[in-house]
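Remarks on the structure that follows.
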Amino acid sequence: MTSPITPDAPEPAVTDGDPIPAPVNRIPTPKATPPDVVRCAYMELVVTDLAASREFYVDVLDLVVTEEDENTVYLRSFEEFIHHNLVLRKGPVAAVAAFAYRVRTPEDLDRAVEFYSELGCRVERRAEGFTKGIGDAVRVEDPLGFPYEFFYEVEHVERLAWRYDLYTPGALVRLDHFNQVTPDVPRAVAYMEDLGFRVTEDIQDEAGTTYAAWMRRKPTVHDTAMTGGDGPRMHHVAFATHEKHNIIAICDKLGALRRSDCIERGPGRHGVSNAFYLYLRDPDGHRVEIYTQDYYTGDPDNPVVTWDVHDNQRRDWWGNPVVPSWYTEASTVLDLDGNPQPLTSRTDDSEMDVTIGADGFSYTRKGDDAQGFKLGAQV
Amino acid sequence: MTSPITPDAPEPAVTDGDPIPAPVNRIPTPKATPPDVVRCAYMELVVTDLAASREFYVDVLDLVVTEEDENTVYLRSFEEFIHHNLVLRKGPVAAVAAFAYRVRTPEDLDRAVEFYSELGCRVERRAEGFTKGIGDAVRVEDPLGFPYEFFYEVEHVERLAWRYDLYTPGALVRLDHFNQVTPDVPRAVAYMEDLGFRVTEDIQDEAGTTYAAWMRRKPTVHDTAMTGGDGPRMHHVAFATHEKHNIIAICDKLGALRRSDCIERGPGRHGVSNAFYLYLRDPDGHRVEIYTQDYYTGDPDNPVVTWDVHDNQRRDWWGNPVVPSWYTEASTVLDLDGNPQPLTSRTDDSEMDVTIGADGFSYTRKGDDAQGFKLGAQV
Amino acid sequence: MTSPITPDAPEPAVTDGDPIPAPVNRIPTPKATPPDVVRCAYMELVVTDLAASREFYVDVLDLVVTEEDENTVYLRSFEEFIHHNLVLRKGPVAAVAAFAYRVRTPEDLDRAVEFYSELGCRVERRAEGFTKGIGDAVRVEDPLGFPYEFFYEVEHVERLAWRYDLYTPGALVRLDHFNQVTPDVPRAVAYMEDLGFRVTEDIQDEAGTTYAAWMRRKPTVHDTAMTGGDGPRMHHVAFATHEKHNIIAICDKLGALRRSDCIERGPGRHGVSNAFYLYLRDPDGHRVEIYTQDYYTGDPDNPVVTWDVHDNQRRDWWGNPVVPSWYTEASTVLDLDGNPQPLTSRTDDSEMDVTIGADGFSYTRKGDDAQGFKLGAQV
Amino acid sequence: MTSPITPDAPEPAVTDGDPIPAPVNRIPTPKATPPDVVRCAYMELVVTDLAASREFYVDVLDLVVTEEDENTVYLRSFEEFIHHNLVLRKGPVAAVAAFAYRVRTPEDLDRAVEFYSELGCRVERRAEGFTKGIGDAVRVEDPLGFPYEFFYEVEHVERLAWRYDLYTPGALVRLDHFNQVTPDVPRAVAYMEDLGFRVTEDIQDEAGTTYAAWMRRKPTVHDTAMTGGDGPRMHHVAFATHEKHNIIAICDKLGALRRSDCIERGPGRHGVSNAFYLYLRDPDGHRVEIYTQDYYTGDPDNPVVTWDVHDNQRRDWWGNPVVPSWYTEASTVLDLDGNPQPLTSRTDDSEMDVTIGADGFSYTRKGDDAQGFKLGAQV
């Protein structure tokens, strides 16, 4: 398949099917039925200074503590009814221990075991769960090297949606999505489609190089995205707010706390996803996105939006620059023994290289190479 | 099953399963597999003065005209990619001609035919669709007397999500839900569960009388709700905005146009659904809700919230009064020949009677019967 | 002068000068120069249960405690730099002890003494101030019976404008205005104009009866308003938020605390002032308005807006009903000895009587007497 | 006077008086009484392509056209009642022809003539005004080289505050302030204080070099600011919106129009003024700020806030970088004959040089020189 990006087309391009070119080195599709994934549910983060991380996520970002002990803090968002959306676990190396998805039925755990076993992946199942609050669960080292978890059983806790007496100006109300760094995006997408995910948006160039793809189970723009780069690494975890002013309130609070230097990028409006966003870096450098107002994608023929990598509004609709660290830095992920996964280098072009700096190229209007005031071109 | 509402419990009650008492006069569950409904998709409204209705929905509410002719206007919301979310069709009697749902596959139309045929309902299928923009479709007179449509094929149009040059201060971005009036809510719920819907919230009293129930396919609080009353009638159709200020902007515009008298109720915060809302009446008296920010309900064990009918915050979290017309007035629905459906009277208690006026009773705090300043008690 | 309200004019009427008819029983204009009032600065409230009032203003409304002792709490808003905007003082009868205005220079206190002495008012001056944080101050029983204070010296405290770490979702950022109940509005206006205030908006009928008038020193719609009714009484004290969602957050929080019955009216958009508003009642029944986004009025020829008392959008731009308590209830004010001021009855028509209930009359569009759904007409 | 910036003080410093060091080369204070300036009222811009400028200000920014002819467009904001806040006049060189202030009385024009005559400035008075809609007016070439206008007489037009049927998502509701570039900020401030302006905030370094100062007549943070640089030039003209989302809507619309490259800086939160802001460049490069929610400054002893030039949150509270063009580019101003004013170079340090790039220095926390992710340090 060729890229839907063509020289004369308006930006971005819209296609009915999956616009991502077939991968060269495809992971074979298992015969086993994949587990029925409902949504991204929680991330387990290893942090090196638990007190510092707790302060960041609880005192600054106002996530709700469901439960905690001296080594671990279990956090959830205001509208969540399951035990946690984020686990902070003290450890020697800052890393991600699990990207956890909820499945539709207990039986889907059997399917997860079969699916990943057929893929030749390491699979571990624990009836008592891998973290507090979660029951029977399966963890795997997936074909891309990421630690994925699947679970159904979970402790229900109070959904604080109506507890406006507890809300703060920047209240985080849902876990929205993960974002993963992997060298070969088409290869990752093909595997994720086998797992039942669907592409909603992507970034390509005219030659068909794919820089990133967004994929969903729940009907939002994504439950996870695949971002091209040396991987496996975790690019970010994203929480949703109700409105845009909630995100601005987080920035304002960081300024008041003299911690504005943890704002890495934004706030801004994404081109991809159309959401309003902010990227922060936690005390270990783990990247957290705050995100609001993408769109419904649940129809089976939901149009897929393909952005030209050279379109300067693809990652920020206002054309504001993406800082280099956002492209280059990401978190280590762990194998099931807790050891850092080694990285494989990306061999396709890097989005940063083709868009900013001396050799990069971006436009606001196709065919118009006016530079404007943005800092990106000057880096 | 007894009501989860108990004298000592906090408000509202939360249960894991369906809290609605079993109906006395159950509609038998078909053996046929129901169609896989994706979401509520559009409503076909019959209006008596097309110019007046077009002005209301296009010039005042800023819905987008996909297509129109002298008898019909096809409208959509800003984030929609299917041909329409609302059809205004000129006719002699103000009424609803169809509540239309999108299904997952073309084959689901066969299932719809089987499901409703087994129920003994009148079923009509048209390969060319019942309205412009829609292909093969099935319409039925459902067991409750409502004209339901199911379709898969639909013309794709531009999703205007990114077209901020076209947005107005009160831009409507999605069709959110329908609301139907029916005499026996438990009976309606049992049938809708057979059709694959799930209850998310409901209103009961201690004796287990059910006044209303909210049900969903897509993971929001509802695709439709069943409101107890003489039926079948259409209570309202609801569109979503991004933020609360968008709803306020609609009120402000109506004031500027000296049309504030079409505001029937609100704006306010719902108890049920936790959404911010506004109810308007169109030139024919059809009720339109503007709605934003309910919560994710897509997990299979999503907690169900049961509100006490006497809880004064159930329908307005701020305790503001529900005007009588909101309880008593609703739109006629048509059979498949276009004739008004006759009404069956509700025999269970009426929510209005038990909550407002001389014999009604509502509280802000359980066990505290302070009256406060609200107008409701004075009606 | 005749009323600017005429049968054929659009609503509301705009005039360049003061549209208020001359009073029949004018308070003579003093020869003395009035003090140069900068703005309304604080109100001293007497409350009967200090703990309950503290909870309301501090824990619910999140005003900032500057200082407190067992009998008194000194509160300020987030952008304030003077010691307080509200004093809660424990006392036997709920009442208002002072409406305090800041003046431009210390010498303006001499002018206040002369001005009110010439008016024959009781005047008391205390070099050490009447409350903590305030220095040299003058209190008077003004010609309308209100306890007015004028002061220049005041303790400066931290302006918390940048302290976003302390903001709550409904943060109150400024004291905006007072509102006073007095029997003869034109008489009150003439005296306030002598004191240097200017009318910005008013409510009249065709016969020239004046129901209320808004007057300012700082360039907003008002520092105080005169509302027709038995007086002297205090109608409300108003604090400003930054945005409309802040006011909604206060309602949401009151719902979560099961205190929604302290919401007396709103939220809504005023016709008069064009501000977004909410009225609450504190534990003693003192009325507090939360208010945002009126307009600049500082030009010397700022157009004065006169609303027809029968215009249903004058007090709520969306035509939502004014509850009777809002018209009839108000707080006692004290004389300088701390005794309640006796009331003088209004002899002009009452706004409530002429607009709601069986004999009242309101319209959405001049000449159109459609009733609509609003509860007001049904009371 | 020494700078209030000290090594150990918290950021920013607050002082009761004017913290700006006395100028070396002071403009003598006239004996004449200065005119009583009410507020900044309008700017007259010379534009080279009137159609392009009209499209920018009317079709993109939605300012309201009061009147226009083939060479001139008169624009106002939604809450304005005077004839215009911005004049676009076609001319050969993009420039500013007038910074116009409204005065309190017609007699203040006599005072303006005396005041500037005594200063030795060129003064021109026209009974018929310099632009349509304005009556008797005085224009001067002020001691800093800026074309200042003073007027009282002005045509009143409809204040569109209540015309929500006309509002757009990014509606501009008031002219807020001007910003001027001048080489010697203390010298400019001393002259402006003679004219009756008061300093509200400023930027200094420990040595007392003053980089910028904000000054007001109306009780907001400023009617104009003096920014250090080669001058006289016009840095920007600023319009206010009601809420922050209105500013975001302008960015979103610019993205939709593929004109995001006219966004020069922001949106963001200012440290100075605490306002939410956005800077745009019009088709001629004139800079326009969109601004909302600074604070009340009308008290005579309003605390003055002095920011350390090295405080990275002074110009953006979130620490986001200031693009170099914002520091270096500004608009030509004209003399009363319409000729460009020659520039005088700044001899004090440049804010850009001391804060960004290889030799600059900024901190988020005093004494902490962590660099963070911001692009500024990399330019």
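Note that the chains take the letters A, B, C and D in the order they are written out, and that residue 1 is the start of every chain.
Heads up, the rule we're going with is that a residue touches a chain if its C-beta (ideal position, glycine included) is under 8 Å from a C-beta of that chain, and two chains touch if they have at least 3 such contacts.
In UniProt terms, the chains line up like this: A, B, C, D = 3,4-dihydroxyphenylacetate 2,3-dioxygenase.
Just so we're clear, the structure is a prediction, and the values are computed from it rather than from any experiment.
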{"item": "Where subunit A and subunit B overlap in contact partners, by chain label", "value": "C, D"}
{"item": "Far-end chain from subunit A, centres as C-alpha averages", "value": "C"}
{"item": "Duplicate of the B-D contact set - from C-D, A-B or A-C, the pair where over half of the pairs recur", "value": "A-C"}
{"item": "Computed distance of Cα centres, subunit D from subunit C, in Å", "value": "34"}
{"item": "Distance between chain centroids, defined by C-alpha means - subunit A, subunit C (Å)", "value": "51"}
{"item": "Whole-Å separation of chain centres (CA-atom averages), subunit B against subunit C", "value": "42"}
{"item": "Subunit B: positions in contact with at least two other chains", "value": "162, 243-245, 252, 255, 271, 317"}
{"item": "Subunit D partner contacts - residues on subunit B that touch it in the complex", "value": "162-169, 171, 243, 245, 249, 252-253, 255-257"}
{"item": "Complex contact set, residues of subunit D against subunit C", "value": "14, 16, 38-39, 79, 81-82, 102, 104-105, 156, 159, 161-162, 173-174, 218-219, 242-244, 271, 274, 293, 295-296, 298-303, 317"}
{"item": "Complex contact set, residues of subunit A against subunit D", "value": "11, 243-245, 248, 251-252, 254-255, 258-265, 267, 269, 271, 276, 281, 312-313, 317-321, 323-326, 364-365, 370, 372-376, 378-379"}
